[in-house]
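Have a look at the structure that comes next, please.
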Amino acid sequence: MTTPPRPPLVVTYAEVRGATRALAAPLSEADCQVQSMPDASPIKWHLAHTTWFFETFVLERHERAFAPFHPAFRVLFNSYYNGIGEQHPRPQRGLVTRPGLAEVLAYREAVDRRMAVLLDRPHAAALAQLVTLGLHHEQQHQELMLTDVKHLLSCNPLAPAYASALPPPAQPVAAADASGWVEYGGGLVEIGHPGGDDAGFAFDNETPRHRHYLRPYALARRPVTQGDYEAFVADGGYADPRWWLAAGWDAVRTQRIEAPMYWRDGGALFTLHGLQARDPQAPAVHLSYYEAEAYARWWSAQHPGQPPARLPTEAEWEHAAAGATLAGANFVETGALHPRAPADGGALGAPRQLFGDVWEWTSSSYAPYPGYQAWEGAVGEYNAKFMVDQYVLRGGSCATPASHMRASYRNFFPAGTRWQFSGVRLARDLA
Amino acid sequence: MTTPPRPPLVVTYAEVRGATRALAAPLSEADCQVQSMPDASPIKWHLAHTTWFFETFVLERHERAFAPFHPAFRVLFNSYYNGIGEQHPRPQRGLVTRPGLAEVLAYREAVDRRMAVLLDRPHAAALAQLVTLGLHHEQQHQELMLTDVKHLLSCNPLAPAYASALPPPAQPVAAADASGWVEYGGGLVEIGHPGGDDAGFAFDNETPRHRHYLRPYALARRPVTQGDYEAFVADGGYADPRWWLAAGWDAVRTQRIEAPMYWRDGGALFTLHGLQARDPQAPAVHLSYYEAEAYARWWSAQHPGQPPARLPTEAEWEHAAAGATLAGANFVETGALHPRAPADGGALGAPRQLFGDVWEWTSSSYAPYPGYQAWEGAVGEYNAKFMVDQYVLRGGSCATPASHMRASYRNFFPAGTRWQFSGVRLARDLA
Amino acid sequence: MTTPPRPPLVVTYAEVRGATRALAAPLSEADCQVQSMPDASPIKWHLAHTTWFFETFVLERHERAFAPFHPAFRVLFNSYYNGIGEQHPRPQRGLVTRPGLAEVLAYREAVDRRMAVLLDRPHAAALAQLVTLGLHHEQQHQELMLTDVKHLLSCNPLAPAYASALPPPAQPVAAADASGWVEYGGGLVEIGHPGGDDAGFAFDNETPRHRHYLRPYALARRPVTQGDYEAFVADGGYADPRWWLAAGWDAVRTQRIEAPMYWRDGGALFTLHGLQARDPQAPAVHLSYYEAEAYARWWSAQHPGQPPARLPTEAEWEHAAAGATLAGANFVETGALHPRAPADGGALGAPRQLFGDVWEWTSSSYAPYPGYQAWEGAVGEYNAKFMVDQYVLRGGSCATPASHMRASYRNFFPAGTRWQFSGVRLARDLA
Amino acid sequence: MTTPPRPPLVVTYAEVRGATRALAAPLSEADCQVQSMPDASPIKWHLAHTTWFFETFVLERHERAFAPFHPAFRVLFNSYYNGIGEQHPRPQRGLVTRPGLAEVLAYREAVDRRMAVLLDRPHAAALAQLVTLGLHHEQQHQELMLTDVKHLLSCNPLAPAYASALPPPAQPVAAADASGWVEYGGGLVEIGHPGGDDAGFAFDNETPRHRHYLRPYALARRPVTQGDYEAFVADGGYADPRWWLAAGWDAVRTQRIEAPMYWRDGGALFTLHGLQARDPQAPAVHLSYYEAEAYARWWSAQHPGQPPARLPTEAEWEHAAAGATLAGANFVETGALHPRAPADGGALGAPRQLFGDVWEWTSSSYAPYPGYQAWEGAVGEYNAKFMVDQYVLRGGSCATPASHMRASYRNFFPAGTRWQFSGVRLARDLA
């Protein structure tokens, strides 16, 4: 079997850029304007910044007679690239009401037209690489657009929906228990993106591929579910310091956390489809690292005869995912926009839902791989300068584009993060 | 000469409500959505809350078969009336993107139609009083719309203008020096709104009219000007603790204040018309009480042979303003939307610009007048519960509707407030 | 009857300085070191700063061949006199463990010896005036030492006592109800310290004596008692926004206030004698302005047939106190160190406990009197620069030295202040 | 050669406990009382808490007829053991002035007497293990006493010394350049404490010993020196975002950091001996992880022809230190109480100063080793619950007792920590 030929970059470019625009389609100018917390950005800013990326990193370098769309945008829509220059302060992104949404959309169209001209012509590999990076960058912002607008709408006491109705699952949902453990023998394994022409795109943080020694371990066959997690909450989990890391317990008390983000009274959950009943079979979501870790300790105490559960390391996760398929995963294309109970099937003995549904916290702090070299130039700021005080998540979520995901992909957020589609799959040592 | 008959209330209602709508006309949905700081509110919220006032205080009580426009609005657009019930938290007003601007404008139109029905019919005096209160309430929010949107636009590095061009002054601007002092003999005077059928509307906080003993005093013939204040800044006024109240000095250092709000480098000023050159003859504006008071101390030190200057008390101000005319004042109707140099003329020896241009800080804390009784019911919360930790300002500003102002009018803000159109007129004792 | 001759200043100096030292006697070096909150100061700092006052304002100017005790003390123990120079930051006073307590006491003794030399010789009136100011300054710090150490000890879960046992009252305590109102006719009265040789010391803020117009009013015969206030608490007063100024309600919710400071469960109260039962006849104490004002509104609602109660103005209070005696008041000399139930007696129809027991909040913001002139030089910073954002309290407390008090005395604190011995006496208008 | 027999535990107990007491000897009660920031604790608290550890974990379990010294101490001096019960809030440790220092010293003596009785008798291995843990716990607090009192004294503008004079180095200081790199071949190595009877004490976090795969790497022969770091500062390192992790740059700007903690103008440094000149040959100290990492990036840019420098991983560090000797290291026993230039000698080609002088930041986040099991019971809280959001430091410092250190020892602090004796040794990959 041969891999189908990749479509021309100009086609992919149009698809990815169009997907971004489609995500904003259900939103008003007001929805696109507001920044609901410093960690989130306005939708309008996402629309502009992803465009800025192509204008600054591609057009400015490769376009003859380059002229900026608007001179002020260079600073206004620079996220964090000191190599490019000053940046508008992040917490004040939501205060910029002008340019308005229409002008930002015009900015997108103007840059897209100019990009199409470049891409339609023969072009250097370096340009193609930058454009590919820009498209993966854009896909990351597609996911952030969904998590950020979800946070914004959740602040509204009317609990408005982003999308009108939860689509039916593509296939019947399994009633059967998918629990259990899948075992791995460990040993000296290879981790990281393999590189090479056929391997597709990877961020610099996935390289170099390197050896890592693993002890024998097991992964849970599925992520922790809403039902699982409800038992923890019902057992008083948020009031018992035994289960919590000290920093987690501090967060719980200081922020008065009593349940995962977006839980509402009466078994309800705020989703991109508005308030919905929680599905006990669907993966638990919007957990912080602290909540994930506390659940693992609590679970271990409930199963005294078994090896204690813990979070997997990212190497354990990647080793297990190396042979798994992304097909059928609940990525953004399903339209569910929410984790859901697994469909029937899946190879017996293989972990389910490794990809899609929820990002899975690992116990690995976000650090450079042995031998890591950041990309040269301003794009070297893309990943390297964030390699501290964060933890790695794996596998993508219901808000991730399918073409954006792979086994070596490393997402990262601070341990207290809750507004992403983050969940947890338990791991444990083999005797 | 007889006072012209007042227009029917239904006409006044339409005029005032239309003026609010007109103020929002130059703004996009994004401009109307954002709350740039907790002290400010979104324009959309102002549009909705002023409507809520009529719906809640008038329609709900006086309309047969009253049904709310939207049940959630009762909480969502309640500002601070505990007598009505719960309120959406003030700092989160800007997070409510739905209802959108169009729906809020539809809310206004629906309530206006129903109000017109009520007002077209014979109606009780109590209803007329409530409507009149609602219209004065609406005029207060008209001024806040301008100060709030000015703050929002000032946060934008592009310094966008609310209104396109500064209109020419209605009459030639005086080149002559208007400085000097106007003297008053003091004694036992009457302060407060006189009441009675002919005296027009007053808030409860302007009553009762009462006796107050004044020592002989003088008021400056004009407010402190930009040019006056620039001399203070140039003399290092913001770096010298001698001039400042302890709380003011603390604010200067903690907030790193070096000049009045909206001053920009190179003699520029951010205005509702975008960046403009500062006019040395125009009143200094956007001063806090602390800045006003510091200027008075500094001025006194520059004039060692003279009685020291200070802020006037509100009784001194009102006594001086009792006979002054509002005609020709720079209120919102001039379209200047900024304080400006005085026009020629004015009675010789009388203070100029008492009304309009800038609110004038007084040294009087906002407190109940002797014998004060708050209005009954929920409207009693309008003024009474704010009578602490604030200072009284007098005279209205370039953002105040002319029909909203009178000599007994008491505005009030905390001493650190800078985003209002606030300035200062000096006073001093007579020997 | 003639006034007894005043003792020589050198004798008064020794007495006042000795009283300060005696207040610190029950305390360990650790007790004297710690600053329990930014508003409070360490006892050691009080001991040093009051000494600094004499060294800086008296010895430095009047001593031949002046040399400082320690050059660094000029900055280290300067409270807020910009006219003297830099100051060690107030919130960091407690971090200065060296000089230790012994060295600070040696500083006191050295300055006292040098002061005795100066005062034993013939000296100018200007020196005597400065020394007298220094002694009144010292007495203010005596009261602060008690309120600051009370706050510190209250933070200790062991609830230690400053002084071992509550002394018995000097005279039998009245069982009878002392409630009721005392009426005043008002009119044009004189307020402020009379000045002149016989009138004794006054701060600049008590001058000049000036005319003030008062409407007829009444004062409660006694301050609000613990029993009175308990009824307010028991009625849910801290959970009902109707009673509170907006700023007070904000404080109650933000700081989660449910009762006056130092109340403990089970009817107990933390005092300088450790935990004690609350005496329902003793004045309520450690109330903020907000709590005092809320009580007045609540009381008015409980007495619908009567004129509403409110806080008195400072002019009303002073007018009533002008003829009252300080004899028998519960000042610091009683050793009670806590407000107590009134003793029997007192002139029929006269207000009780105007002096001593608790400082009484007035509705008057702290502002300059008409014609006020601050003292010249650095001592002008003593009062003038604090005349904003504070409210006046009158009458002294159980922690005030008797010789420090008079009818014209103006104390002042921000409205949220709770750690002072502050209470409230109700007032109301006469029809 | 045989290992000398270990002294009886009762002797070691007396030595370690005596060392703690000796560290407090130069301090006044005031010095021992104050908590200069929430991260630090009062010396008196350290004296009490280490005693509480033996009382609670040893006496309470092993003493017949146990009675607490003071019932309140169980809560008052519990640091963070939820398994024991409630704790006095950490930021309020400095507010507890009673018990005073004398009573806390009496508490120490009483517990020591009772411990001596227990240890003099034959006792179970479990008891000996708990006592040994308690002594290592005490040694950790010995180091914290020095870093905490250093911070306190640094807040005093008089810059007082903890100890009077810097002792001369035990051996001549090398003038020669000790720079250069030591290379390691990597491969599958064993990391962690070996365990077993002869291996001595280890914390649970050093176990289990496990395999780890290392690529070839080099370590700098010595830590970064003051002179090295001065070049970074002089080159504008704190003003250039290129060198900094995003979180580090944020800290630099928010906290206005311009140099390492305790640097003073004019080449001075605040030390436990007061202000001293910086020694360019001594290791740079009081660096945060961010500062260490920024230095590595800057260094790499200054050496463009070489492999880039980075922080070592903890496995790289431990592998290199496995064969190194602790003899001659600058631990607390030298009395230097400050890192110093290396003495002459040391094996050619071997890294110097791995032990003592400064803790060396590693790039490894503090995480459980593969197969880690926390101790059972409340002592399981000792390490496990802190395994998040912190980074590992290795090798001990000039404030660490020599008998407390070993190659497998893992210290850990958040990345922004600056008040510990922390420095950095560079590492890099081999081609």
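A, B, C and D label the chains in the order they appear, each numbered from 1.
We take it that contacts are C-beta pairs under 8 Å (C-beta built on N, C-alpha and C of every residue); 3 or more make two chains touch, one makes a residue touch a chain.
Remember, it's a predicted structure, so these values are computed and weren't measured experimentally.
Asks: Which neighbours does chain B have in common with chain C?
Replies: Touching chain B as well as chain C, we find no chain at all.
Asks: With chain centres set to the mean of the C-alpha atoms, which chain is at the far end from chain C?
Replies: Chain centre farthest from chain C's centre: A.
Asks: When the C-alpha atoms of chain A and chain B are each averaged to a single point, how far apart are the two points in Å?
Replies: 48
Asks: Give, as an integer number of Å, the spacing between the C-alpha centres of chain D and chain A.
Replies: Whole-Å distance between the two chain centres: 37.
Asks: Report the inter-centroid distance (CA atoms only) between chain B and chain D in whole Å.
Replies: Chain centres of chain B and chain D, defined by C-alpha means, are spaced 60 Å apart.
Asks: Please output the residue numbers of chain C that touch at least 2 other chains, ranges allowed.
Replies: Within chain C, no residue contacts more than one other chain.
Asks: Line, ring, star, complete or other: which describes how these chains touch one another?
Replies: It is a ring, because the chains touch in a row that closes back on itself.
Asks: What are all the touching pairs of chains?
Replies: A-B, A-D, B-C, C-D
Asks: Please give the residue numbers of chain C that touch chain B in the complex, ascending.
Replies: Residues of chain C touching chain B: 80, 82-83, 188, 210-215, 241-242, 244-249, 289-290, 293, 308, 310, 363-365, 367-368, 370-371, 373, 385-389, 415, 429.
Asks: Which residues of chain D touch chain C in their complex?
Replies: Going by the criterion above, the answer is residues 28-34, 36, 44, 72, 75-76, 88, 92, 94-98, 100-101, 152-153, 155-158, 160.
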